[in-house]
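As structure tokens, here come the structures.
Two complexes, one shared chain (subunit A), two partners (subunit B, subunit C).
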Partner chain A sequence: MNPRRFPSLNAVISTAIAIASGLIVLAGYFFVQAANGQASLWTDLRLTLLDWAIILAGFAIFIGVFNLLQVHFKKIQNKQKGSFYSLLLILSLLVTFVFGLVRPAQMGFVFTTVQLPVEASLMAILAVTLTYASIRLLRRRLNLLSVIFLVTAVLMLFATAPLPFLGLIPGLSDVLRPFIAQVMAAAGARGILLGVALGTLTTGIRILFGADRPYGGNK
Partner chain B sequence: MSNWLGLAGFGIVIFSAIMMLLLAFLRRKSHPVFRDIPAFTRLRQAVGLVVEDGSRLHVSLGRGSLTTPQSASALAGLALLRRLADLTSAGDQPPIATSGDATLAILSQDTLQAAAKFSDRAASDLVAGRLTGLTPFSYAAGAIPAIRDEKVSANVLMGNFGVEVALLTDAVERENTFVLAGSDNLTAQALIYASAQEPLVGEEIFAAGAYIESGPLHSASLTVQDVLRWLVIAAILVGAGLTLAGIL
Partner chain C sequence: MPAVFSANLVDLVTGGISFLLTLMVLSYLIGDNPVFRIAIYIFIGVSAGYVAAVAWHQVLYPRLILPLFSASRGERLLLIIPLVLGLLLLFKLSSRTASLGSLPMAFLVGVGAAVAIGGAVMGTLLPQTQASMNAFNLSTAGQYQLEHLGEGIVMLIGTVTALAYFHFGAKATASGPRRGKLVGIISWVGQIFIAITFGVLFAGVFMAALTALIERLNFIITFLSSL
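Moving on to the complex of A and B:
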């Protein structure tokens, strides 16, 4: 049977359940109160469905971790490039898992002594990466917008960070920086956020129509 | 009051849905013309190259959990993944999808499986849709080897990212491969603009489906967005005018 012409029963059922759940949650947001002032039936249903979704998302983390293990096992098995790091990842995962079972109260220790410093060092690399990316920006896209972007970034840096021996620059720190941050950037950000909100709305409607089906349905 | 607001919100959704259906029906046989976004033209070229040279396409979906408001960008990314998986179905290797959220990883596997089934190709490898990390930087650190070591020649970063997106775009730059990147997060958008080869700004991530011809409903949804945008602009101007006149 060609799936292009005949969607499977599984796909039909999952699509119907997803659309119905989406509509119930949407109605729950719009019709919050019943006529007697109490929470409406839609709201109760919405909260129940969201609770179920949160429980399922919790289980999904288990599946995700197994997927992570599977990816790295396969890498080691095929002796792919970087398989030593995959081995290190699996060992770290197992050690952390055992540590969590034996000393659950001290799990914070693992995060503050291992995870946090590693992530902080990645953040530090990011600062260098961004400086380099900014320098390359003009080479990659030499246009008016790129020039405005870079000039604004440099101005904001000078206006925000106190300079050695000079401190904050008068006019730049107290007038220009607030104007750029609170008027120009805020106006632009609101415009972008309105656009994102409209995009979110139409994406949601497409999913409610079943046009986009990221859940077990062939199209 | 809250019920009135709810009713107004419901009205906007119904209005948008009806308009989208009508436009999709009216334009089902025509090709609507949109303004040129060079990033999508280059994406098509990059996808063509992926098929020709037998390399892989990498789609990174970010960290937008489905139980949060950031899910919309992730869902837009999944829709694009589906379309790109269809477009690369003639190639030697299926795309890889990385994400920083477990539910998203499962959905990406499902999307790749559905695309493989649709194109009568062998079932997609389950590790093609993968979770690379649960924190922002571990996600980026896990996705970088996919960009570097798996014969990837085109990357699409679409979803909810934070500052970690710059690490991904930097990894792509080092490999000298194609990257199209977009996010619903303002900080990430600024970083993407500075560091990505083909950045998508603002709501352009939601336009991807219409530009790569995912169907009439995608094109219709883009027109509905434009209509709603004009209505919002009109409402802001009327509100400003009424405030100036002292009525509001």
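Moving on to the complex of A and C:
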């Protein structure tokens, strides 16, 4: 029997679950109210299914964290290069998780002491790396589009904040900057957003029709 | 230990940890080094542990575990389905049993696809199209009707040409996407609008990063001067 022609029972059930759950949730978006003005059955079903999906996402987070532990534990077991870092990761993960379970009210302490300074510092590094990247862009790929990109960025930087001894540059800050940011960039952003939305729509419909089965449905 | 002293001690310890982590991360400016990596691995571990703790306290415990013991019989029966699907999802941890996890994955993908479609239509397509039409609404322009109309025309050209750049009928080739002649010209104009958009976004991100750099340097100076 050719397995390509006859998908497994698991694949058929998976596809049926994906299509059914997707269509029910989608129907809940379009049939919001019943004839008596109250929430329709479709809306109730949509909310129930979304609730289940949130619970499953919670399970998925634990699977992801466990997988992270597994990968780094194997690194330590095999004494691979950088296993000291893996040990630090595992220790910090377990300590934070246990602390979070025992003292949930004090979790803000972890955030302000570790996450906030590291994230802010990473953001700070970005100022230097972005400058370096823009110089590299000019040296490696000098074409019309990269010049437009960099000229726009420089214009925005000079026009947004008051410059030392000069203040806001007349014409640049009050005329050119609003036109570039609120008309030209907004138009481009709108085109990108519409393109992304149309792509999302197409991908979603393909999944609901069973044409794409990213959950392992033999396609 | 007096309360004031203990509060100061806690501040000193948390400030000290933040100070050390900040220096460790900023050390990347002289190149990739072990100190930076230590900070990043600790950060990833802490973030993963934090997310897992939040998932337990905000999702699994209040939405599944607690109702399973305290809700009505009907609600408890209904919660058995996500419980079973969640337990099946755990089979994804091993490659041998991963196929059993495809059922909850299918459910997640189906619901996710529907939510994405709903979000794309109601959150992006309809409001953005409406906003494009509003650009031609001259009743709100007052005495600047001509300027308003000009801006509307530029926005329409920018939106349509940038959208044409995402032309789904383009054929993928080794030298990039191949489009028809007319679509090629339109999408070239769209590329200019996209480059301007990214330039504006780049400037915004750069200014935010610069603000973060100033804030971190200020923190370092404040911490050192408070010692």
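Keep in mind that, in the parts below, the second predicted complex is superposed on the first by the 208 of 219 C-alpha atoms of A that agree within 3 Å, B and C clash if a C-alpha of one lies under 4 Å from a C-alpha of the other, contacts with A are read in each partner's own complex, and residues count from 1 in each chain.
Here, a residue touches a chain if its C-beta (ideal position, glycine included) is under 8 Å from a C-beta of that chain, and two chains touch if they have at least 3 such contacts.
Please read these numbers as outputs of a predicted model, since none were measured by experiment.
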Three-chain arrangement built on subunit A, subunit B and subunit C clash or fit: clash
Of subunit C and subunit B, partner touching more subunit A residues: C
Partner chain(s) touched by A:Leu91 [first = subunit B, second = subunit C, both, neither]: second
Contacts of A:Leu101 with subunit B and subunit C, given as first, second, both or neither: second
Contacts of A:Thr200 with subunit B and subunit C, given as first, second, both or neither: both
Which of subunit B and subunit C A:Phe109 touches, first, second, both or neither: second
Touched partner set for A:Met123, first subunit B, second subunit C, both or neither: both
Partner chain in contact with A:Tyr215 - subunit B first, subunit C second, else both or neither: both
Contacts of A:Ile192 with subunit B and subunit C, given as first, second, both or neither: both
Of the stretches 22-30, 148-156 or 166-174 belonging to subunit C, the one that collides with subunit B: 166-174
Set of subunit A residues, in rising order, touched by both subunit B and subunit C: 26, 29, 50, 53-54, 56-57, 60-65, 67-68, 70, 82, 85, 115, 118-119, 122-123, 125-126, 130, 134, 149, 153, 189, 191-196, 198-205, 207-208, 213-217
Interfacial residue positions of subunit B with respect to subunit A in the complex: 2-3, 6-7, 9-10, 12-13, 16-17, 20-21, 65-67, 69, 72-73, 75-76, 78-79, 82, 101-103, 105-107, 109-111, 114, 117-118, 120, 126-127, 129-132, 134-138, 140-142, 145, 149, 163-164, 166-167, 169-170, 173, 184, 186, 189, 191, 193-195, 197, 201-203, 205-207, 209, 215, 217-218, 221-222, 224-225, 228-229, 232
Subunit C contact footprint on subunit A (complex, rising order): 10-11, 13-15, 17-26, 29, 48-68, 70, 82, 85-86, 88-97, 99-101, 104, 107, 109-128, 130-131, 134, 144-146, 148-157, 160-161, 179-181, 183-205, 207-208, 213-217
Contact set on subunit C toward subunit A in their complex: 14, 17-19, 21-22, 25-26, 28-29, 37-57, 59-60, 63-64, 78, 81-82, 85-86, 89-90, 92-93, 98-100, 102-122, 124-125, 128-129, 131-132, 151, 154-163, 165-166, 168, 190-210, 212-213, 215-217, 219
Subunit A to subunit B touching residues, read off their complex: 2-4, 26-27, 29-33, 50, 53-54, 56-57, 60-65, 67-68, 70-71, 74, 80-82, 85, 115, 118-119, 122-123, 125-126, 129-130, 132-134, 136-137, 140, 149, 153, 189, 191-196, 198-209, 211-219
